[in-house]
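Shared between the two complexes below is subunit A, which has subunit B as its partner in the first and subunit C in the second.
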Partner chain A sequence: MARVLTVPAGRVQPNLTLLGWGGVTFVGALLLPWHRPGRDLFTFVAEATGLALAPSSPVILAILMLAAAAALTGLLPRPEAVRGRAAVFAGAAGALLTIGYTVAARRPFSGAEVAAVLGFLSVLGTGLALTGVLRVDAFLAGSILWVTVFVMIFILYPLWAVLQAAVVVKGQLTLAVVIDTLTSPGFLLVNNPATPRNETAMAATVGGIAAIFVATVGAVRRRPVRRIVGWTLGAGIGAGLFAALYLGYGALRNSVLLAVIVGVCATGLGFVFALLAERSRLRTRRLLGPFSILPIITPPFVLGLAMIYLFGRRGFVTHGLLGLSTSVFFGPVGVAVAQILAFAPIAYLVLEGVVQAMDAALEEAAETLGASRWYVLRTVVWPLARPGIANAFLLVAIESLADFGNPIILGGGKGFLATEVFYAIIGRFNPNEAAVYGVVLLGMTLSIFLIQRYWLGRASYVTVTGKPSGASPRPLPAALDLTATAVFVLWAVLILALYGSVFVGSVTKLWGFDYSFTLKHLRDLSPQGWNVFWTTTKLSAYAAIPSTLLGFLIGYLVTRTEFPGRTALEFSSMLSFAVPGTVMGIGYILAFNQGALLLTGTSVIIILAFVFRNMPVGIRSGVAAIHQIDRSLEEASTMLRANSALTLWRIVIPLVRSALLSGLVFAFVRAMTAVSQVIFLITPQHNLATTQILSYIEYGSQGRGAALASLLTVFMVLVILVLYLVNRRLDIGAARELAQT
Partner chain B sequence: MNGRGPEPGAAIPVRLERVTKRFGRVLAVDDVTLEIPAGLLVTLLGPSGCGKTTTLRMIAGLEHPTSGRVFIGDEDVTPLPASNRSVTMVFQSYALFPHLTVFENVAYGLRITKVRDAALRAQVGAVLELVGLPQVGERYPAQLSGGQQQRVALARALVMKPKVLLFDEPLSNLDAKLRKRVRAEIRDLQQRLGISTIYVTHDQTEALALSDVIVVMHLGHVEQVGSPFDLYRKPATRFVADFIGEANLLPGRYAEGMVTVGPYTFAFRQEGVHAGAVTVVARPETVQVATAGQGLPGTVRSAFFMGTTIDYLIETPIGEVSASAPPRVTGMLPVGSDVRLQFAEAGLYLLTEDGR
Partner chain C sequence: MRKVVLVVLALIVASLGVASAAPGGKVTVLCSPNLAWCDAVKADFPKATGIAFEYIRLSSGEALARLRAERQNPSLDVWFGGTGDPHIVANEEGLTEFVRPRAWNDLRPEFREAVAGKYIPLYAGILGWAINDRLLKEKNLPVPTSWKDLADPRYRGLIAYPNPSTSGTGYTMVATLVQLFGEQQAFDLLKAIHKNVAQYTRSGAAPGELTGRGEVAIGITFIHDAVDQVLKGFPISYNAPRDGTGYEIGGLSLVKGTLNRANALAFIEWALTPNAQRIAAEQGQSYQIPSNSKTQVPRVAPRFESFRVIKYDFVKYGSAAVRDGLVRRWTREVETLPK
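This part shows the complex of A and B:
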């Protein structure tokens, strides 16, 4: 019955992938230059091509031969496993030789290195797939290698450079800078000898009082002894530390205190907003979305600038209306207010998901057991929301620590960690000191990131069953609803007033002195302001595409494939979420300022900074979207002879296109509004809108700063509106496709 | 065939050699060796978690064995990715691409293998007609009923003219009535096309109705391979006896053509069984219930009138025995009646103790 089909041995199809990548590598290494004379990446030096160098350089000759060998392997009439082993050898040897040559030559890399490294990695990936070492096909294997190399060069290496600069000064390993910086009063001063009071004693007293109070309460309520001891120690140490910080001085104290206060307030606001959005019976909740997106899509320091306009020494409210001449809001208080207003939406977006995921059936169950709505809120909603609230707090704390724009505009000379990094380089020309500040800041944000990810990740109660109960959300108690709405309206009015003041400021002659109308500032933007605006748009657009695609690809790799080091790759690529922009900035300066990887002073380094800074946005939205797709769709495509590249292109991408588009737009917006990571990287030729606004403000032309900031804000709002409309059309289209008839 | 659809005659076998699959610490498939004959419909049957789907996915190339080899025909396909094996699969969820029309869904694989437009149209049209859906080409999958989606998934797999066709629980999303009809259609189509087919299910009635050969799997290994009739009549292990159909598994002894269960001894001969302890496999429909005479004594605990039969649960000295008796024999016996049970020779099978 069975006529067995045998595959005739020796008739093996040519492997076009190997042939193609080997060929690309060979041509690139032969015709592109291996180094460049200056910073410009795209200079073509005829005497530096492989063709010109090969006769005198045995290494380049070897590289060319390996590339040719890789291409010929594809034509070799041998089984795939044998070709695979040959490709692994050629790819690995070629990539290592290329890297070795580049590092040893100490000359800025050029096109040939890029082509050779990426080409050899693809050959290696194809080989690993053919030999079955990586259980994925050639495209995914190559992608894994590419992504790994990118993450190592553009995320891990700059961080390493910062760590290194903190302890290596002029080639010497020394802890001197670390010790000097950490003991300087600018960093932290607990006991100020210039004041008559003894801060340490006062902090100890506060801690003691808190401990005694908690212990007494615990004893009265007859709690178990072990819990009382724990709570007492916690409260005593916590209160003591907080008091010490409050009484102390220095950048560390300012940043930590700011992060704690902003974290608590912004999270509180965010929780109130989340409850409103999900549970309010009032129409005002519809305004939550549009209002809360505004601070997210504008540079955070726009609010800082507006604070000066409204509440500064000549502020419209403080001076114009109230007749005061106060500088209360010029300093840490102002920074705190600006950050609270700006970061509340971040907490809101996190907590909205948490409140949304809460099963209303639980609350209904509690109510049928006789609980009042307040009681339910206290005993069901709050405990369920607690992990989410901690999560939001930590995210806001990271944002606050990392924020650069508000402290530099409103700080009033008070040092913060993020700004000290800047002043150490720009003001004191001491990159080592900057690195120490950077390491401290990085250590703090990184530990928060780790807590948030690994500790809280397990503590969440949400989505226990995943079974929708169909119960509609319970409305808030009327009193709470009204109070919360009042808080929201107050916040919204403040936000409106602040943004409004920037818009008005851009057409006002001299804010605080002469409020007459003028178009002078807008006119003055030409030509410099407009050029900068155009450069920013261009670079952000260039960065958004690779950033989204790379993020999406990583998201796909970590959710859908298994390979050694997958978790490490996921962790390192998400790392740039936790790395403050200023730290990333000095990392890039330190890493790419000389030698083979010279990139500073070019527009490429700005694009790269954007790409790798915003990649986590793409990863997150990619992972979320891919989880929505039934895995068997991709398997069906594979069974129908499609390789993974085709499956991605024809099945996955069409199904996630609206998520992809959102990711693209947000990567663009984040790049347009970024300040801290690029402030060290800009040059007069490649200035960016945000840094230009900062320098306008710094050099006294606030009006022009306001004009450019307004322009940026309007542009961002328009971009988001277009995204919203396009995505709605996409969704309608998708709905039509999926419609039941 | 009328020249439409895949050509018959190229059926080839599938062979698994000592295949093992681990997921981390979990042993999903444990040293399975299996020969799947060409042109037949073979079912992998077992409870969830028995390794049947993993086995299927290793044949498909969607999972790779931790050790062992997979052969399709004479070719060792173990290192080949799914896209390079001449195998297609119908998924449990159908996995129809929601953003493509029915026509484009079916044409998907042909487009990838670069079939020319005219040939492509002809082939897609023919296969849609083959599955009885010639008019739905321009619709999207969500606009079809469950049964229609199922057939589109089948058409999409057939159009590639696979050497082996795989089914992963294809009927589990259909309602009971439709399931019976589609089951018959699949069987009919497979018979006409003669493609080697491997079908995974946990539903033993489905397996009995469809298969030429059933492979019963349990805890990652193969319990028994055989025709549906053999499995039902001569289960190799207690697990198979229990899983395929309903069965009473009674402790007994065998000696010289005589079987003893509890106080009752009767004549029964089975080749190859040595004297000693045995497990008596008695299907409920072969347990005869009488109110008097010879037999295993017992008391009726419950009685359910099912229409064609009455299902009794009877307590005996060696445990509870279920029996399905035709109502016309005794009428319906009231609960509490004392009865005698006898076993029809045709439905009886003895398992020796090593049958687990």
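This part shows the complex of A and C:
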């Protein structure tokens, strides 16, 4: 379909964007309330509308006039640049006035502020685009401003609140809490007084050995002296620190070791599964997709519960089959296994897309040039997969740091950073102490994040060019295929056994003692469980769409547009990616518990927590997908005079549709199974299935916990199945469309 | 694609419409006892009064933390159940207020006296141990009889007790030891027991469950929670240490500053009636001694006569300074002690 835009000479068309946004702002500010009496966001207070307030409040009158002015600018018979300047003024002044009014009023905000701030930002964005300050069109300029404000309010502000709470106690700036917390033996003890050995000396020895080894290798290989010194220092300090952590005691040590081990193992498994899913020649290939992501559909700690069922001291396997009485899985080992099982699917999902998007033509070329399959794997596949692997590791490590369900259920009383945060808030309500732990977690994830960016550098990984490649995926070397498939089969059996035990647990009287069939646990869900299940589904569905779209939009903005502050925006939205859910959770209660931004106790704050927690996944998958699309496709669309909204809708979105749809499913699933970021936000009215299951397990109704977990599992499988079918139908539809053109 | 998006949007709008159905009168309760009891109340209270019932289940320490967090904007109306000490702390900090219910004179006088007008007594329970005799026999270990026995290194990895910072049961245990042995000796004992502890649980009932499942051999918990595990079919027994044990008087408090006072008071009145208290044992798997003297005591409820129960000083150990001090000391010196 071609649309020809003709501009009649001598007459300026009205600017409908300005007219529209100005109008929306005006109507919203006039008819919606400016504040609310309680927590409920949707109470309509007639006395608080702009209509009622304007006569007595000059600020609101000014806001209304600015909105009207912005709308009229659109009709102004002047060149676009002149209109643009007027719009910039009206938009900026209006937004600032609105924010100033709300902050000064100190009353919980309501609909009018939302309409006015977003409306004025759109006007401002349109103005900036018209004047050429932002070298993008009105749609993208408005998007940039909206996204910036969202990121500032819902990511930066809560983090700021955490940092502040760590050093400001009762209005006084002090380092007392920081020092107190960090010197606590529960945080880190390098020398464990309970053991006879001297841990410091041992760590120093390990560091020394590593340094000598690296120096020797460097000298033998005749590397430049400066590099040898650098590597030696790095290896010595790194190995020493790691050894100190390994030998030490405390929450920091436990969390770091756990995150590293879980990160490496889960990423490895995820990569193996992704390769198998795309490249295996064995029949099992078809099973890879469903089995690799299965554990993601339940909250992580459900696997912890199943581990107790199967591998606990009275576990079905350990005690029933093998006759052992072991508590080895009751402790860090059990936590690590449960987390690897729970988080490998995240790695798989990241890596699946990466492996899928690799252009087989590159490998074909390498093979044609005489490279062996191993060599191709090492020199073509690995470099292409590297960014994905780094992403996967980062995601898994962060999830592991944030997860407190498994450590609480299986940790055997060992402290982890996430459980310390949890007990500091839930048990002692000491937000300052929790904030200090939060800052530590934040520091750790940020450093992994920075290391990862350093490692990836600025390499280009464009493989989708819009030109057909025609090569089919290259199969794996047979030995690798077989070994990897064996690992996968083991995994699948384990997962099935674990879920099977949860299902059996939900319909048997008493796991481990009385295996007779009963529906009692399922019936017992009726007063509370069903309600909670419905609430969870609803809130997760509300959150999934904005988090996917927002994530994709940010991904698009940071990869495809240039504007001042782009790097800052990218960094801030990635910041939320590098923040463990637990930290965001404290940030949200600290930031939104009072004043103009009062949101706690509502369902909206839970949705927002989901959106901004899961959005970074959308950003990552969006960036990854967009990176693989050749920019020339969009440039062609722009040259045919489509604006950016149209280009996004008709060119980019269809190309990344499957990434978007899986992003949507992923966002929904993650919201359904989220615990750490929302456990502090739930209320009796808005309780969530995950926290309810955790309650059931923790408060001694394991049967009921298993019943609710089974229900959740079955439901999630159904959802994923439906979306999978829809996606396939869409693919078929697209193929047909393509065939017709 | 467009159709799918439209359908999804339409569904969301539709469900928003369903969601915003206006509720009538309701009461929002912080529920600290067993989940089964909370669920039973949720089923029965609306039938009796026509007022809707919403609850969130939090252990007593967590409940106190929640009330502290919401000091400025309380969203809860009543705190139902949970050990007494945090109820007293909440009262002293102005988070809850004492109201004298109509049934006040029907409540057991010894309970009324012990709580000194800080909260309304709801039930009483005795601290003790759930014991997995089978596991002990497998390991050729004797059944412990005194608190000091628990420090015996032979019980390594075989003991669980609740975390005093989240659980009122855990705090009751710490306060009981302090009252029995004095603070310094009590903490020395706790540090020695620490080496044997497999897990500090979040809730007070969980050690009973861990014992039942055979993950640990001795779970320190309220005896009525151990009774629950026995009735569920777990092969365990229960007892209390011979050198003396503490007890709780579970509380009922009105949250100060609630916007929903009338319904909150209606709930409190209802919760003290014999009919309401009966459901604890009948449907709620909770076998405490009910506070209303007209409520029949459940047949299986552990009685004070059967154990050596100390004269627990609720006023002292319920004061904010003492409680926070002990919890803090436990967190710093015991929980984090390397093993």
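Following the convention adopted for this analysis, the second predicted complex is superposed on the first by the 524 of 741 C-alpha atoms of A that agree within 3 Å, B and C clash if a C-alpha of one lies under 4 Å from a C-alpha of the other, contacts with A are read in each partner's own complex, and residues count from 1 in each chain.
Everything below uses one rule, namely that a contact is a pair of C-beta atoms (placed from the backbone, for glycine too) under 8 Å apart; a residue touches a chain by one contact, two chains touch by 3 or more.
Fair warning: this is a prediction, and the values are worked out from it, not measured in the lab.
Contacts of A:R314 after superposition on the shared chain: subunit C is touched, whereas subunit B is not.
Once chain A of one complex is fitted onto chain A of the other, the partner contacts of A:P295 are absent, as it touches neither subunit B nor subunit C. In the superposition on chain A, A:G263 makes contact with neither subunit B nor subunit C. Of the two partner chains placed around the shared chain by superposition, neither subunit B nor subunit C is touched by A:P546. Contacts of A:G438 after superposition: neither subunit B nor subunit C is touched. In the superposition on chain A, A:P185 makes contact with subunit C only, not with subunit B. In the superposition on chain A, A:G405 makes contact with neither subunit B nor subunit C. By the touch criterion defined above, A:P616 lies against neither subunit B nor subunit C after alignment on the C-alpha atoms of chain A. Taking subunit A as the reference, the larger set of touched residues comes from C, when subunit B and subunit C are compared.
Within the superposed three-chain model, A:G236 lies out of touch with both subunit B and subunit C [touch as defined at top]. Shared contact residues of subunit A with subunit B and subunit C: 654.
Those residues of subunit A that touch subunit C in the shared complex are 38-39, 42, 184-186, 189, 192-195, 249-250, 308, 312-314, 319, 325, 327, 330, 408, 411-413, 415, 423, 425-429, 431, 509-514, 524, 527-528, 538, 541-542, 545, 589, 593-594, 598, 600-601, 653-654, 657, 682-685, 687, 695-696, 698-702, 704, 726, 730. Partner subunit A is touched in their complex by these residues of subunit B: 9-13, 37-39, 60-62, 64, 73-75, 79, 81-84, 87-89, 91-93, 95-99, 108-109, 112-113, 140, 142-143, 156-157, 160, 163.
Chain contact summary for the complex, subunit A toward subunit B: residues 1-7, 80-81, 132, 135, 137, 630, 632-633, 635-643, 646, 650-651, 654-655, 734, 737-741.
Across the complex, subunit A is touched by residues 1, 4, 8, 11-12, 15, 19-20, 28-29, 34-36, 38-40, 42-43, 54-59, 61-62, 64-66, 68-70, 72-73, 75-76, 135, 138, 157, 163, 165-166, 197-203, 205-206, 208-209, 213-215, 225, 228-229, 232-235, 259, 327-328, 331-332, 335-339 of subunit C.
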